[in-house]
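Same chain, two partners: chain A is paired with chain B first, then with chain C.
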Partner chain A sequence: MDNYPALIVIAPLLAALLAGLAVWIKERLSYPIALMGLAVSTFSAFKVLMQVIDSGTIQYKMAGWTPPMGIEYRIDLLNAMVLLLVSSIAFLNLLASYKSVEIETNDRAGSFYTIYLLFVTGLLGVTATGDLFNLYVLIEITSLTSYAMVALGDRDRGPLASLNYVFIGVIGASFYLLGVGYLYLKTGSLNMLDVANILSGIHGSSTVLVAFILMMIGIWIKMALFPMHVWLPNAYTYSPVAFARIVAPLMTKVMVYVMIRLLITVFGFDYVFETLNLADAVVWLATIAVLAGGVMALSQKNLKKMLTYIIVCEIGYMVGGAWLGNQLGMTGAILHILNDALMTFALFLAVGNMVYKLKTVDLIDLKGLFGKMPWTMAGFVLAAFSIIGVPPTCGFFSKWYLILGAFEAGAYHFAGALIISSLICAVLFFKVFEICFFEPMPEEHGHVDSHSHVIIEEAPVSMLIVSGFVSLSLIVVGLYSGTIVNTIILPFLK
Partner chain B sequence: MRFLGFIIVCLTGALLLYGTGEFPDWGDPNSPASIHLSDHYIEKAVEETQVPNLVTAVLADYRGFDTMFETAVVFCAGLACFLLLRDFSQKKERFYRHTPTGVILHVKDSKKILKVGKEFEHMDKDWVPSDLIIKTVCRILIPFIQIYAMYVVAHGDFSPGGGFQGGVIFGSSLILLAISYDLKTLVRRVKEKVFGIFAALGVLIYVGIGVICMFMGGNFLDYSRLAPLVPGDPHHIRALGMLGVEIGVGIAVTAAMAIIYINIVSEGRHDEGL
Partner chain C sequence: MTDLLPLIVAKYNYWLYVILMMIGLYAMIAKNNLIKKLVGMNIFQTAIILFYVSIGYKTDATIPIIQNAHGGQGAHSAAIHAADYINPLPHVLMLTAIVVSVATFGVAMALAVRIYQRYQTLEEDELRMRLADIGPEK
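Let's turn to the complex of A and B:
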């Protein structure tokens, strides 16, 4: 069957609608429906990736119209990889979320799953599409669903965080749309490849330049590149755990994918790095983002918020890597999309387990956690090592490519920032470990001697299994990075 | 901070103006936008889709995949309103009116619920006797608005209109009912459950048609594959497919509008409206 590319996106959409019906008929059904939708989607994404590796880019014409008349899905090695990443993380997270959703959404689990699936549909659609306007429509779906989810989170601060997110998110999306409008004026087309062909003849046009800047700023706002990151920490901190666990690893990474897609496929390397003279400035911006993210993370007292600033820092890695303008840097950026999604997911899974037991995760709440939740902490430590970049976890390898790329491009400031941010992350995480390991558990009944009273109170098994699985995958992906680079990334960049 | 904002706004404005420097002339027949794809749509759309309205042809067929997601956006907005605002908890104080005498009861005990029926009716806190003229006029108008809405949906292939517009008109007729009578009249006539189901069902019709095309061996939303399933002239199958999805859009938009309106005006309690 050749419909797998469409199925990746349609399966979760269909499941979302069925779950939406189930809300009114039999709410308990919505969870299995959601699981099934995402399982089909993950399976299709896997099939598509295998097919792309074997036989090259797949083109899927929606409604059977030849592009540029109609919309097409164009799946090459890069988005096949991201599609599999998004769908499998969404599926695993759903597996782990059953209990926490029950607690956090009161009686509205069915609607939660519906919105969750729509969010995943949006991310997958953004990744799969080969059409600039279709991409905008799906960004709209992901944004709308995430606004709703953030508002559903923390009772007091969720709505305000969501409102900030709405304002900034809408500005970002409009910038992108405006850019598409400018491009349409000059090219008369919305299909990415078609636009790229026409653009190659009009590189000098000021309209194209403005379109490019507008689209980049729009996407940067959406991916929270410093200094356009202000919406992210609050939005991710105060959203429900089951949603934070998927939005934190995926949303920003998919936007990085969109940026790389625009750079490589739509505008082309020739335009971006030879006609324009922006690359140096952007690498500097990324350098500042990396350092600023790290420093701001240092000053946080809440674990969840600290991690959100680390995301801001990691975005700097990928933007900088992609704008270095050489193959090594781009390889590092693409590999880091995969690695960072997995690491952030593993971290947030561990945090989700802690929130499930502790309710709040301010750093002082974490005392004695190694004794109380050993398995969760094991996963947390692995993920933290990966963020710091300790070999053989996967974080090391992408950072290695990024640093090599920085040296090749002569961007020593960026290489320096990468190393400093690794040190900052090391300091951060060892601070957390210290609190969790050495500080005694808070005594509840006056005096209890802390040696004999370590009671293991772990999160539910389903959450632990997923968390363990993802944490181990960090090492596996790390060991196989060579294979991933050679079969997926290098053939794509050729 | 304010000054910084001002500078950013000015810079953005300057950037946008700079970009207009190489715009094609106003109404230029040779601009890329009017020669690249438009020619194909204008010359071939009627032949290929059998739909005389080119806008509908582009919207629901060539770019039907976008429109499907736009409908999903509307559904999502309705669902988000329900998810965030709906409040199932009973109100502490309630007002009832004893219909035969017109005596108003103010019940403060949240457990005491009077049976609403012939004797008692619910009443809003800021109750104003509904105006006979407004009520009568709206009662006469609403059915016509609804028939017109269905016409707009059904005639979208031939004239301006379509699912979104028809859905909005139908939805506004329901809102008119809620304003001219009161919110309870609307909620009593059409249950919340019905709106909820219809919102999902509308989008499901759209997606479902696409999936059926896939089962018939075509690509997603390729209406031409539906020909064996539908009696009649197979040339018109694309037009029929579009009509089908437009009906889905209409249903989804109507229900989503009603859900959004009811939840926002009553702060999710579904008791007192504007």
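Let's turn to the complex of A and C:
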């Protein structure tokens, strides 16, 4: 079957429609529909990845219109990997979310699943498309759904956090759109490859320079690169847990993918690193982002918020790696998209389990958690080790490539920031471990019985299984990262 | 200064969009009222839409419908000159962008309603005070 690339995106879209309709018939139907849609999408993404590894880039012409007139989905090794990553994380998260969605969205589970599916559709579309304007529309679909989702969360702060996110998100998307306008003005085309071909002749043009800067700023705002990150911590902290678990690992990472796509495919390495003289400045910006994210994470008292600042820090890793301008750095950045998505997902799964039982995840509420929720904490520890970068978890390998790349490019400040931020993460997580492990459980109802053993109160089995599976996958991906680099990333960069 | 004036006059439409865009951006950043910020957001998006619309324009060109394409005098006989027709693509793109901006505006308005229901105010400084009253973040 040749239609797998379209199926990846269309399956969740159709499922969203059906799940929305199912609410009118029977609310409970929407969950299996959503699950089916994402299962089909994940399966197609897997098939496409295999196909791309075997026989190279797939060009899928929407409705048979040939590019540059028509919109094409162009799937090479990079997006095939990201597509599989997005669809499988969305699917796994849905498996884990059934109970927590019922609790958190009180009777509006059907709408939750509909918006969820639309969000995933947007992300998958952003990843698959080969058209610059199509990319804008899909980014806006993703953003619109996440505005709605954030507002569904915390009653007091959710809508306000969401509205601030709207303002900043619109500025980001509009800058991108304006950049596309400048490119269109100069090239008369919107297809990425076509634009790239035309651009290779007009590298000196100042219109192209303006387009490039506008698009980059737009994408940076969307990916929350420091200092354009202010919307992210509030928006992700106050959204429903089931949504925070998917938006935190995926949204920013897909935006990093878009940036790499623009750098490599549309503008090209020659333009970005030889014609322009921006790379040093951006690597410095990334260095500051890494350090600032780490320092701000240190000052947080809420576990969820602390993790959102770690995302800000990790974005710095990927942006810096991509802008180092050598193969090692780019390899590290791409590998880190995969690894960071998995690590953040594992962390937020563990946090989701905690929220399910404890309702709040302020650090002081976590006392004695190792006794109460041992399995959740095991997953949390693995994910934390991966963020810190302890071998053989996957976080170590991408960091290794990034540091090697930094040395090759002579960007010692970036390498230094990477190492310092690893230390900061170590401090952060050991602070959490200390509270969870050594501090005694809060006494309940004045019960003073020091010999009472701790009762294990774990989250539902479905959540635990997914959490365990993802945490173990961190080690598996770590062990196979050589294979991933050799079969996917290096052939792509050649 | 003498060089700048002809530059502005020649491309006055673009300068207008820049001004509009800055008005929108200013309102989004500096205004205290959330609805004013929303209006600023809309002005900002509209400026970009106008920019796109005007890049499709050509002097002395007509709407992009081929004359007598369906039979009639001279169908397919005369060569079609692209310069005679304005470029429809940016306009079509903007139809989509308008839909996106309307949807964004709708979502933002709905959020503003939710905030008003919860706090009985849309002024940002008052909201900040109310939030401080609720106590530390959960």
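Going forward, the second predicted complex is superposed on the first by the 490 of 494 C-alpha atoms of A that agree within 3 Å, B and C clash if a C-alpha of one lies under 4 Å from a C-alpha of the other, contacts with A are read in each partner's own complex, and residues count from 1 in each chain.
Methods note: contacts are C-beta pairs under 8 Å (C-beta built on N, C-alpha and C of every residue); 3 or more make two chains touch, one makes a residue touch a chain.
Please read all numbers here as calculations on a predicted model, not as lab measurements.
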Partner chain(s) touched by A:155 [first = chain B, second = chain C, both, neither]: second
First (chain B), second (chain C), both or neither touched by A:6: first
Chain B versus chain C as contact partner of A:432, first or second or both or neither: neither
Which superposed partner A:163 touches (first chain B, second chain C, both, neither): second
Comparison of chain B and chain C by chain A residues contacted: B
Partner chain in contact with A:263 - chain B first, chain C second, else both or neither: neither
Contacts of A:63 with chain B and chain C, given as first, second, both or neither: first
Partner chain in contact with A:147 - chain B first, chain C second, else both or neither: both
Touched partner set for A:133, first chain B, second chain C, both or neither: both
Chain B versus chain C as contact partner of A:184, first or second or both or neither: both
Set of chain A residues, in rising order, touched by both chain B and chain C: 133, 137, 140, 144, 147-148, 151, 178, 184-185
Residues on chain C engaged by chain A in the complex (per definition of touch): 25, 28, 34, 37, 41, 44-45, 48, 51-52, 55, 89-90, 93, 96-97, 100, 103-104, 107-108, 110-112, 114-115, 118, 127, 131, 134, 137-138
Chain B-facing residues of chain A, complex: 3, 6, 10, 13-14, 16-18, 20-21, 23-25, 60-65, 68-71, 107-108, 111-112, 114-115, 118, 121, 125, 133-134, 137-138, 140-141, 144-145, 147-148, 151-152, 178, 182, 184-189, 198, 205-207, 209-211, 213-214
Contact set on chain A toward chain C in their complex: 133, 136-137, 140, 143-144, 147-148, 151, 154-157, 159-160, 162-163, 166-167, 170-171, 173-174, 177-178, 181, 184-185, 237, 302, 305, 360, 362
Residue numbers on chain B that touch chain A, as the complex places them: 15-16, 18-24, 31-38, 40-41, 61-66, 69-70, 72-73, 75-77, 79-80, 82-84, 86, 88, 193, 196-197, 199-201, 203-204, 207, 210-211, 214, 218-224
